[in-house]
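We just call them A, B, C and D in the order they show up, numbering each chain from 1.
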Amino acid sequence: MTPKNALRYAYYPGCSLHASAGEYDLSTRELFKKLNIGLTEVPDWFCCGATPAHNVDELLSLSLCAKNLELAEQVEGDLAVACAACFSRLKTTQHILSESEFKRQQVEKAIDAPVPLNGNVKHLLDILARDLGLKRLGQAVTKPLSGLKVACYYGCLLTRPTDVPNLDCVEAPTIMEDVLQAVGAETVAWSHRLECCGANFTLSRPGVVVQLSHAILDSAKAAGADCIMVACPLCHGNLDIRQKEIEGVYGTHYAMPVFYITQLVGLAAGLKADKLGLDALIVNPMPLLKEKQLI
Amino acid sequence: MHTEKEKHTFEPKIIAFVCTWCTYAGADLAGTSRMQYPANVRVLKFPCTGRIDPVFILKAFQQGADGVLVSGCHPGDCHYIAGNFHARRRFAAFRKLLEFVGVDLGRLQFSWVSAAEGGKWVEMVTGLTEQVRGMGPMQEFKELALEEQWSGSIDTPELQEAYDQI
Amino acid sequence: MSRIGVFVCHCGENISRTVDVERVAAEVGKLPGVAFSTDYKYMCSDPGQGLLKKAIREERLSHVVVAACSPRMHEKTFRKAVESAGLNPFLCEMANIREHCSWVHEDRDEATVKAIEIVGMMVERVKKNRVLPTITVPVTKRSLVIGGGIAGIQAALDIADAGHEVVLVEREPSIGGHMAQLSETFPTLDCSQCIMTPKMVDVANHPRIKLYTYAEIEHVEGYIGNFQVTVRRKARSVIEEKCTGCGVCMEKCPVRKIPNTFDRDLGMRPAIYVPFPQAVPNTPVIDRENCTKFKTGKCGVCQKVCGPGAVDYEQEDRLIVEPVGAIVVATGFDLYSIEEKPKGSSIKGYGEFGHGRIPDVIDGMTFERLASASGPTGGKIMRPSDGREPKQIVFIQCVGSRAREKGISYCSKICCMYTAKHTMLYHHKVHDGQAYVFFMDARTPGKSYDEFWRRSIEEEEAVYIRGMVSRLYQKGDKIVVMGSDISVGVQVEIEADMVVLATAVQPRKGADTLAQKLGISYDKYHFYSEAHAKLRPVECATAGIYLAGACQGPKDIPDTVSQASAAAAKVMTLFARDQLEREPIVARVRETGCVGCFYCKKVCPYGAVEEKEIRDRQGNLVKVVAYVNPGVCGGCGTCQATCPSKSVELDGYTDEQIVAMIESL
Amino acid sequence: MTQLIDTSIYTAVTEAIQGEARRILSEGSVSAVVGYAAARRKGSAQPVVITQADDSGKLIFSAACVNNLAVYLTKAKKDIPKNGKIGIVVKGCDLKALVGLMGESQLKREELYLIGVPCAGVLASTILPDTALTSGTIASKCRECGERLPQGCDYTPTVTPPITPVLEKKYAAEIARLEAMTPAERWAYWKEQFKKCIKCYACRQVCPFCFCEQCLCDRNKPQMVETTPRPAGNFAWHIVRAMHLAGRCAGCAECERVCPMDIPLNLLNRKMAKELKELYNHEAGFEVREKGPLAMYDEKDDQSFIK
């Protein structure tokens, strides 16, 4: 039985977590179970429209998010979001609709329901760092990630856009570092924490992605990181899946595993590799984890 | 171009309370620009909307006004720094009170008209005049003024006769 | 019984075309109290005014209503005429039957009826008008100037040269302000100190300037012509009258490694110091936070070596009250800092530029100190981190300015020009170096300004890149500047040795507190507000207080000096008279009715309401009532509308007058 | 269903008040204590001012202690000895009036000694004083009371805090009913109510906030408000009074209690309080404020009603 004041959330995984980022979904569910945080998937949720919708049709993109927000009202608790793009879109939608009465009316007509503008939308990081709290998170650690040097990669969406009330300081956030330090890892100071990986062009202009993601990998390596941690399936795709391709283009060698936040925190909380989907990562993390005696 | 003026059966009496620096000057500008508006409005000049006591609005209605317009400087433009900000709160509260005792707020209009907005002044005056014309005369206060209150009711013919002679 | 005269003007045909003026005069003539009523072609003409004056005398008129144009047009004219005929000018009112009637209506009948009502309303009003005496207040012909930068110095010198005493108050130990920190000035590249220091010396030597440095404004009371200003002279620990400025104390002070803020912390100074060698006054001050004597009680070297015995460790802050008639506020500016801002501040720092943690990312003022011949490096451009000469230098404009996402949307006005100057200074000193400038627009309005900017590109080889910088980060001993060049649409990266940020001009910290003491208004950034953006740009809405320099908005030196002289001219205009006259439209308190709830005081935008004690003959307190200072009252009447018992009344707009008007309708 | 309300603490409260009054009067720390004493009719109470420690035994507290004593410190204060502090017995609702008066410079906190009363409620004015306090006999204002334990007093008896059942809010319900009407219906309602007014001004006399020495409505140069008890004058009087109390009245409902014609006066005041809460998040009487909601402004205030 869960205690009365336990944390409970409505969970919006987003499309990626049901497809290419299955390991993010798996590790999230397992970690939250381990931490006694309730997650109930929003019934009938669908795509938030990121990232193409808001570039082509504002009403459509707002309505997609608004409808999801409305669906989330069925489940008790704030809305937990894993993907940085979904998070950014849902927050932005709330912001735009609370600023513009006109747009809100349009959207409400489109989805034929009132938009819940005051419901809290929270990224997993926020839940771990603030709702659960770094102290309680630290207490849940059974295997501290000591000796693991991690480059925390926020990407461009997690703290943006600037005018929407969001997760942390737009240009100099620390929330990822805070979480990882709480579970015993070492975080490196590096330059490309908030640069874009090029996700928007993943399919249309992969050359751009290779160039941008290369800069990120290069910078992480230069800062002495063993691995990169992300909180966005799109970033993950570019840094992990394309790593080999980038190495080929630039003639470099990184072998830099790219973890989801829930995977690293899960590891520290004592979850086994199979519960974290570590085998789904393209850049094999096992040599590194073995070297650091974390597995 | 002179259009044939429409004759109305009811000409409402509109009283406007305006500040001298913005709205009065805006009304002057409407004049110098030879704009046209209904002749129903009577303008009372105040230094600032901050000087306008809610009692004046009440008094205007009691005096037979069918509509009242209160107008001053836009926020931030007050010649006296903040008089219009104080007025804004005062009237926000007062109109709620009037509404609660049954005054139709269609008869009470507030606006910001700057010294450059002669057109807006015309719009405000014309709009309120037409709106009030549509609502008909403000009977409530006028009827009230006609009623008498005695310690007893007029229930004898003698009293009625005496009353009628007043 | 009133004997009111009504004069209806035709205004040529402007009124009489739509209003039957004769009928108006006839109808109004029937109103009780109206003794005389007539109409005339042009009331404002000489014969028209003559008619008015003659009627006042012959008909023994007590009040006058002129039905003509807007009072905004001719009220002064007719009140003057009435006064010359022996009546108090405030017994004359105008009925506006032109702008508000004949010009806006076409139907002659309607317009005539309306005109009759308007005039009738003013007749009822004028009956209640009272004789209002002109208010005069004496003028103390001394001026206070707050701030000893170039604005304050210029204003003080101008006022003092005109023969009036000036009290100049400066917060720092020396006057000079930011201009004293600059190396060379655009667009002529003359050395800032060379043109500044003679003016500073003039201030020190001027017989009519009383200079308080290391002093702040504690408290301000009073109103135009009659301010009482309390100045806090902070404890300097050195007696100014005794000190000869020999500097031995500074040489012998054992504490030597305190970063000098004047040099943007690049140079060091002792604990007893003057901020820079040309300081005025040349009297040192002890920095008590860092002095060993104050920290531990031991030391006392400076006192021992001081010949005249000027060092006084026991000195305390002193409060001095100065009576002045006018105040010039010239508190200047601060520079925006890219460091992380405390929580709650609406203005944000720059995380993308490292929040100020990259040592070779400096601001423009620090570059000025590096380039200054009297600066900490003797004018050599070096990196703060390792002292090397930067070979690739990047200047970034609009850091904080025009940056809505950082909370500032205005343009800081001076950065385009001083960045151009910086590229020139750099090129003159580092011949093999390359300067890059990231800019949004080059804003160079001003005499010889655009030519100057072109020169930095065409002759001094600065590379201007139109675009913004997204991020700076340290890579080895280089700083990587990631930016965009929007003219060609590409991302650019420059590995620089040093980055100079043209940070935004902001009002001085504490500008809001000072404004509250002075009772002047300020905008959301805390720049002080002028009375009118175009027509009264150096006056505050509060009478007797004037603005000079960057405290009112970002300004370069020529603009600052012009405004300072303008403010001085305003002060001299005020001082040209012995007494001030003002329109007697002020509030008065009816003390019998006042119960001292002070709602009036709470809403007064001018701070004109004071508390006044009423005592009986034995001196016992009967009650405390409100008192409106007529010198300060602006005449808005907000107090009267707020007073529950209507115990405060605005002359010229009394309840009686207004109710009479409403009842006439 | 009528519920009995527990007033058993009133005995202990009475003793505590007596003890404290005796102490402060005999110590001389106050020159007088304003409180309640038993009146002639069985179970009834009336305001009393005592200046001798020996009279402390007269003081009581019961469900019949309805009066807001704050009024005795304003208009009637001339009759109360001026030298030194004055002690006063206050219920939560009375305290709110005192707090308001402090904000309006009419009283000084340091000149008062506040004896706070934990209060389970008092009787409605229409109920005989000797009646038991129940959900049927309790005063309307007590139904919406949120301050049963006055805060920040100099002395508060230590008793078990009163527990009063949650009761239906009559004012809130009545305001909602009126708001749902058309303007014409509301006008008709208030016209009937104000018609009854005989201009006795009892409402003004009993109100702690009507402290003006000369009321605006008594002035005749100019006559802003008609003074005769005709409907027109009555209407004006009640509107002006409600406007003057807006943002100040904390709802002691004394005006309504003393009205001989049973005009629901507090309804107007509660309506204004509700509006000011919605507009400016202001509630009267919780802290001493330098400025009330109508003596201040925010540049961002709502102006949707202004064209």
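What we mean here is this: contacts are C-beta pairs under 8 Å (C-beta built on N, C-alpha and C of every residue); 3 or more make two chains touch, one makes a residue touch a chain.
Nothing here was measured: the structure is a model prediction, and the numbers come from that model.
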Message = Applying the touch definition from the top, give me the chains sitting in contact with each of subunit A and subunit C.
response = none
Ask   = Which chain pair is joined by more contacting C-beta pairs, B-C or C-D?
value = B-C
Note = dist(centroid_CA(subunit C), centroid_CA(subunit D)) in Å evaluates to 47
Query = So, what's the distance in Å between the C-alpha centres of subunit C and subunit B?
reply = 39
Message = Centroid from C-alpha atoms only, then distance subunit A to subunit B, rounded to Å. What do you get?
response = 60
Ask   = In angstrom, rounded to a whole number, how far apart do the mean CA points of subunit B and subunit D lie?
value = 35
Remark   = Multi-chain touching residues of subunit C, meaning two or more other chains, are 603, 642, 655, 659
Key: Where subunit D touches two or more other chains at once, by residue number   = 216, 224, 294-296
Inquiry  = Quick check on subunit A: which residues sit in contact with 2+ other chains?
reply    = none
Message = Please list each pair of chains that are touching.
response = A-C, B-C, B-D, C-D
Message = List the residues on subunit D that touch subunit B in their complex, please.
response = 178-179, 183-191, 195, 198, 216, 224-225, 229-232, 234-236, 239-240, 242-243, 246-247, 268, 271-272, 275-276, 279-280, 293-299, 301-303, 305-307
Query = So in the complex, which bits of subunit C are touching subunit B?
reply = 70-72, 96, 98-101, 103-107, 110-111, 113-114, 117-118, 121, 521, 541, 585, 603, 605-606, 634-638, 640-642, 650, 652-653, 655, 658-659, 661-663, 665
Residue numbers on subunit A that touch subunit C, as the complex places them = 162-163, 169-173, 191, 194-195, 222
Contact set on subunit C toward subunit A in their complex = 340, 350-352, 355, 405, 471, 473-475, 480
Query = Considering the complex alone, what residue numbers of subunit C touch subunit D?
reply = 592-599, 602-603, 624, 642, 644-647, 655-656, 659-660
